[in-house]
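Shared between the two complexes below is chain A, which pairs with chain B and chain C, respectively.
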Partner chain A sequence: MSLPLPSPRDEAWRWSDLSGLPALAEARPRGGVIDTSGLWLGCGGPRLLFVDGVLDEALSEPGPLGAGAVEVDSDHPLGRLARGAGWTLDLGKGHSPDATIEIVHVATGGASHVPARITLASEAQASIVETFVGDGWANRLTQVDLGDGARLMHAARLRQASGFTSLRIEGQVGTGASLVSTILAAGGAGTRIDAAVKLAAPGAFAEVGGALLARGGQRHDAAVTLRHEAPEGMSRQTWRAVADDHATASLAARVEVARHAQQTDGEQSLRGLLLRRTATVNLKPELEIFADDVKCAHGATVGELDRNALFYLASRGLPPLEAQALLTRAFVADALGRIGEAAVREAFEADADAWLGANP
Partner chain B sequence: MTTTVDTGVKNREALDAANKKYEWGFSTELETEFAPKGLSEATVRFISAKKEEPEWMLEWRLKAYRRWLEMESPDWAKLDIAPIDYQDAFYYAAPKAKPTLASLDELDPEIRRTYEKLGIPIEEQKVLAGVEGAGLPARKIAVDAVFDSVSVATTFRAELERAGVIFRSISEAVREFPDLVRKWLGKVVPAHDNYFAALNAAVFSDGTFVYVPEGVRCPMELSTYFRINAANTGQFERTLIVADKGAYVSYLEGCTAPQRDENQLHAAVVELVALDDAEIKYSTVQNWYPGDEQGLGGIYNFVTKRALCQGARSKVSWTQVETGSAVTWKYPSCVLNGEDSVGEFYSVAVTNNRQQADTGTKMIHNGRGSRSTIVSKGISAGRSDNTYRGLVRVGPNAENVRNFTQCDSLLLGDQCGAHTVPYIEVRNPTATIEHEATTSKISDDQLFYAQQRGLDRESAVALIVNGFAKEVLQQLPMEFAVEAQKLLGISLEGSVG
Partner chain C sequence: MLQITDLHAETAGKTILQGLSLQINAGEVHAIMGPNGAGKSTLAYTLGGRPGYEVTAGSATFDGADLLALEPHERAAAGLFLGFQYPVEIPGVSNLQFLRTALNAQKRARGEAELSGGEFIKLARAQANALGLDPEMLKRPVNVGFSGGEKKRAEMVQMGILAPKLAILDETDSGLDIDALRVVGQGINTIMRAPDKAVLLITHYQRLLDYVRPDFVHVLAGGRIVRSGGPELALELEREGYAEVAA
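The block that comes next holds the complex of A and B.
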């Protein structure tokens, strides 16, 4: 069966490299015993473990989470591949789990497609951390529906050693509700992150951001659209891309403001850092505005580490590599600082540090 | 205010009164020679034969035409365009006037009247007509006027030639300087570059050729007026400007068209070449007929403009004021190959009623130390859409590149759209790339203040819009800056209040 994939000739995929996916789709997972120690953050909340897209019930503690067939509908070229068994979170009015929900996805080669649906009724709250490890192709579709005043903190750390991770997030944010999603790509796999979030009711807030760290021949690619459909919405996109060796990190962030979405406040900050002359950073901060009383601004920069800062640190006795790592960490920290919970944020920062520390 | 205008009206005052919104909406009744309607190899051969072109030129055109047949119209721009029937247009229309003019009397009086309406000063008209010894304007501007498909007159030729500058219609240049034209034609924008460039290469009818030799500072501003006059006619002009080492030239381009109900096609190609230390300043005031308030008629403006900054320290500066056309698809670009070469793009794009503009620039940095500046001001009103689309690319060998981009959008009313689509692709860590963009509207406070000082609402809007666009307007040569300021005001009439 041939896989219908978009090509780089398609404008929204011009920086992507999906050429490895057909082979991964054909491959079989190796399976075997999974060592999950060190994968959990120890938040003490509900947890799910997916191995090659299949729920490992023995090692999961679902709590309010549901597992099984998930009703999702997406026309996204990768997202639509995720159908069948997955997970759901359905919280009633004002409900909130006691602790952060953890979901770990382990892949042992091959391809896995898992759909998920998160529905929070009004004033409900949840915090979810997803961790991706192993190799192979992990393809995920997550649909989010937030009722009035609901709050969802979502964070994903992509730590697969090889293969490909593709995330598709589709969200709808209600009146005064808030969706914050932070994604860190700090593994050895190729990545495609797609998000389309609608700020569907007045006063909605949405933030999608993160950091893409790429080395070797890796390609990380994020394409995010935040669409304001109602007045007084606020959106933020803070992304940092770091590219070393022959790697490419690409960010396409878009804010759309519909005709009636007056008093929208949208901000984009995209910054790229090149650690080597053979690396590539691509940025596309896009605005599409149909309302006249809006505040939308974007800033984008690409460059190398500030030589004055490097010199200053050297003059204080730091070895060059350490100085470089310190400044790179500071560069990435902007995007990870949006994670509210200290334990989660620290885990993400540790991942980023591990990536930077592995720098030869 | 009435907007329906009999396009045959000849009296300028009556026309102005009837049609304040598009002052240049007159058409001129001229005896015109057309190529057979439609597009085929025969059309291409017809045009080439009319131009008495050498064999290589015809071959080049036919090759482009065959490539065009295999290409598809680009659909990535944010433009909503009805399918274009390329067989329903004339690809060549020439006023049947005497090709060379010995005195003012010999210039077709209708063409002269057109120049008057276009606002070309009377002194320049005399020079256009070749009347030597006429009182020349204090500040000289050499003019090449392209009427429908052909260049009707080029002025100041002798004076330019004394300086060594070649300023010709491109069909004359093909005949008189074939080696020079052949060396550069299609080198910046290859015939198969894109759909509209291929179409242009196949059927281009005229345009301007400029060559400024080594070390020469062109003694005057060069200018071309483009005018589409005949109905159902596409205009496909091609401009080629080569500035040799250390040369400097400033070039102005103005465009108008009569009001017609059907859409007319304009697909131009502009190629600029700057060698070591050369500088080209290219300014455009584009005021093609934008269509009426319902979006009926207007020019489809598909233009490929590109500059090759081949030499070290070469510089190309694009300045454009885009107020006309129903649809604009235009990305004046710089390929910065030379070390320390400089590219600049200053743009004001105004859209009103149902106009759609998708415009911006590409800065391709291949040379070490190359720099570029992009300042884009988009103003949307009515039910129009205004898109900035740009690319800044830094190649792996381009050390120490700098780019600064600023795109500001101003929205007048809540039925229009402003879009920003910047692409940034960087492959060298020593690059410093900065991009900023804002979107705003005219605040009630600003309007109130200006009105309280005695300005009426429209003048207040014009004042604020001119302030918004000031950074770009001040890049224009003086004559154009005044015209552009007036144009901004006229284009936005009736959009507020």
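The block that comes next holds the complex of A and C.
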């Protein structure tokens, strides 16, 4: 099977390393007994476990979630590979599950492609946490449609030890509705995050951000476009990219404001941290504005840890790696701080700590 | 406790310390005074092991061990505390998180048992109260948004928590109002006045020495100690200025 993958010559993919994907697409998952202890946050809400892209019914408690064939339609080069069986969340007007929904994706080698569709009718609310572990290639497409006043809190933690995780999120946000998605890459796999969200009706709010932690030869990149198509929308993108060793972490964040989208309030904060000079952070903030009454702020900076702070910490007894971890954790705190639910935020912070503490 | 012999040190290619010798024994409080740019902070940074400060000759031993061979964090674990003339702001890291990590790192290095979260909070609150710092401030990021005086009090709270053997305090009195000066002075006495501890105060003014009475006063000029005496030397300096006394 030849895999139709985008080429690094394509501007939107120039920082990505997809070279490992053909081999993973050919490989077979090892399968076997899966230990999922420690992967659930224990929210007590609905949960799904996918092993190599296949739902494990015994360990899932779907509640309002649907499983099976999902109708999605994407022309995204990776997203369109995710077809067939997946999961859905379809909430009627004003409905909201009692607790956070958890979806765990375990990979045992090979490739898995899972589509998902989230449809929230007006005033419906949901919070979803996704966790990716294992190895192999996990490719996901999630399409989101939020009715008027609906709210979706989404958070994904990418903890695969090796291999590749690619997420494609496509969203449509209705009048006064809110979509917040926070992604943490804190594993050993390569990562590609793509998001395209339309603020399609007046007063919509969309936020996509997170933290990418890369070391060794890892490559993470995120490419996010938030498009304002109606007036009085608000969008936020807070991203932190950390790169050590020879790793590369890249962020391309775009805000588009259509001609009628007056009184748009858009904010981007992209910051990179180089833990070593051999590492690379690429930042590409982009604004494309066709309306005239618009407030858009963006900042993009790459730096190293503050030497004065490192010495101050050392003078109080912190060994160099502990001092580095403490400052790096502070650096990504803004991005993880966007997660509203304390239990979820703390789990993500613990993942970041574990990644930082494992620094060799 | 601290034995500095013929220390030469440079920073940014410029030789600052030029043959400085000083001995501090357990139980003693020493004060170093001297004109701006004399090398007082350079001495503190060199003893603390700050990158960019290079020792080109001489030696410094701490409890008999070669201080200069240790990394900065190892010097701290060995019992050295540096009070900064300009405490560093660290956004995003709370005082509590910072100090608990620091104290436990020191304890681990010394092979001592680490403190639990609860034990640490108790210790931190007690020290903050002793120094007149609202314990709530310990939840805030290190030195961020602290006034000049609050930073100096916070430094002393850090010292109280870390309980060093030797404290080198670089202008801890600057930026303090009259009441704060008294509280900080008493704090230094409470924390550091003990037979097995010692203090090196770097200061420009007698007023701190009214609270923390030094056993010895030294004048640092041109990168070396040019005069040493008892507490009366500080008064003489205040009366007559460095030009007269150091000449």
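We adopt the following convention: the second predicted complex is superposed on the first by the 360 of 360 C-alpha atoms of A that agree within 3 Å, B and C clash if a C-alpha of one lies under 4 Å from a C-alpha of the other, contacts with A are read in each partner's own complex, and residues count from 1 in each chain.
Simple rule for what comes next: a contact is a pair of C-beta atoms (placed from the backbone, for glycine too) under 8 Å apart; a residue touches a chain by one contact, two chains touch by 3 or more.
Only a predicted model underlies this, so the values are computations on that prediction, with no experimental measurement involved.
Undergrad: Pick one for A:Asp90: touches chain B only (first), chain C only (second), both, or neither.
TA: Neither: A:Asp90 stays clear of chain B and chain C.
Undergrad: Which partner does A:Glu341 reach: the first (chain B), the second (chain C), both, or neither?
TA: neither
Undergrad: For A:Gln262, decide between first (touching chain B), second (touching chain C), both and neither.
TA: Only chain B; A:Gln262 stays clear of chain C.
Undergrad: One more residue to check, A:Ala333. First (chain B), second (chain C), both or neither?
TA: After superposing on A, A:Ala333 lies in contact with chain C but is clear of chain B.
Undergrad: Would you sort A:Asp17 into first (chain B), second (chain C), both or neither based on which partner it touches?
TA: Neither partner.
Undergrad: Does chain A have more residues touched by chain B or by chain C?
TA: Looking at chain A, the partner in contact with more of its residues is B.
Undergrad: Touching A:Asp353 in the superposition: chain B (first), chain C (second), both, neither?
TA: In the superposition, A:Asp353 contacts neither chain B nor chain C.
Undergrad: Counting only touches as set out at the top, which of chain B and chain C does A:Glu322 meet: first, second, both, neither?
TA: Touch partner of A:Glu322: chain C, not chain B.
Undergrad: In the overlaid three-chain picture, which partner chain does A:Ala314 touch, first (chain B) or second (chain C), both, or neither?
TA: second
Undergrad: Any idea which chain C residues touch chain A in the complex?
TA: Residues of chain C touching chain A: 48-51, 71-73, 75-77, 81-82, 84, 87-88, 90-93, 97-99, 101-103, 105-106, 109, 141-142, 158, 162.
Undergrad: List the residues on chain B that touch chain A in their complex, please.
TA: Of all residues in chain B, those touching chain A are 76, 78, 394, 396, 409, 411-441.
Undergrad: Tell me, which parts of chain A touch chain C in their complex?
TA: On the chain A side, the touching residues are 306-309, 311-320, 322-323, 326-327, 329-331, 333-334.
Undergrad: Taking the complex as given, what residues does chain A use to touch chain B?
TA: 11, 259, 262, 272, 274-304
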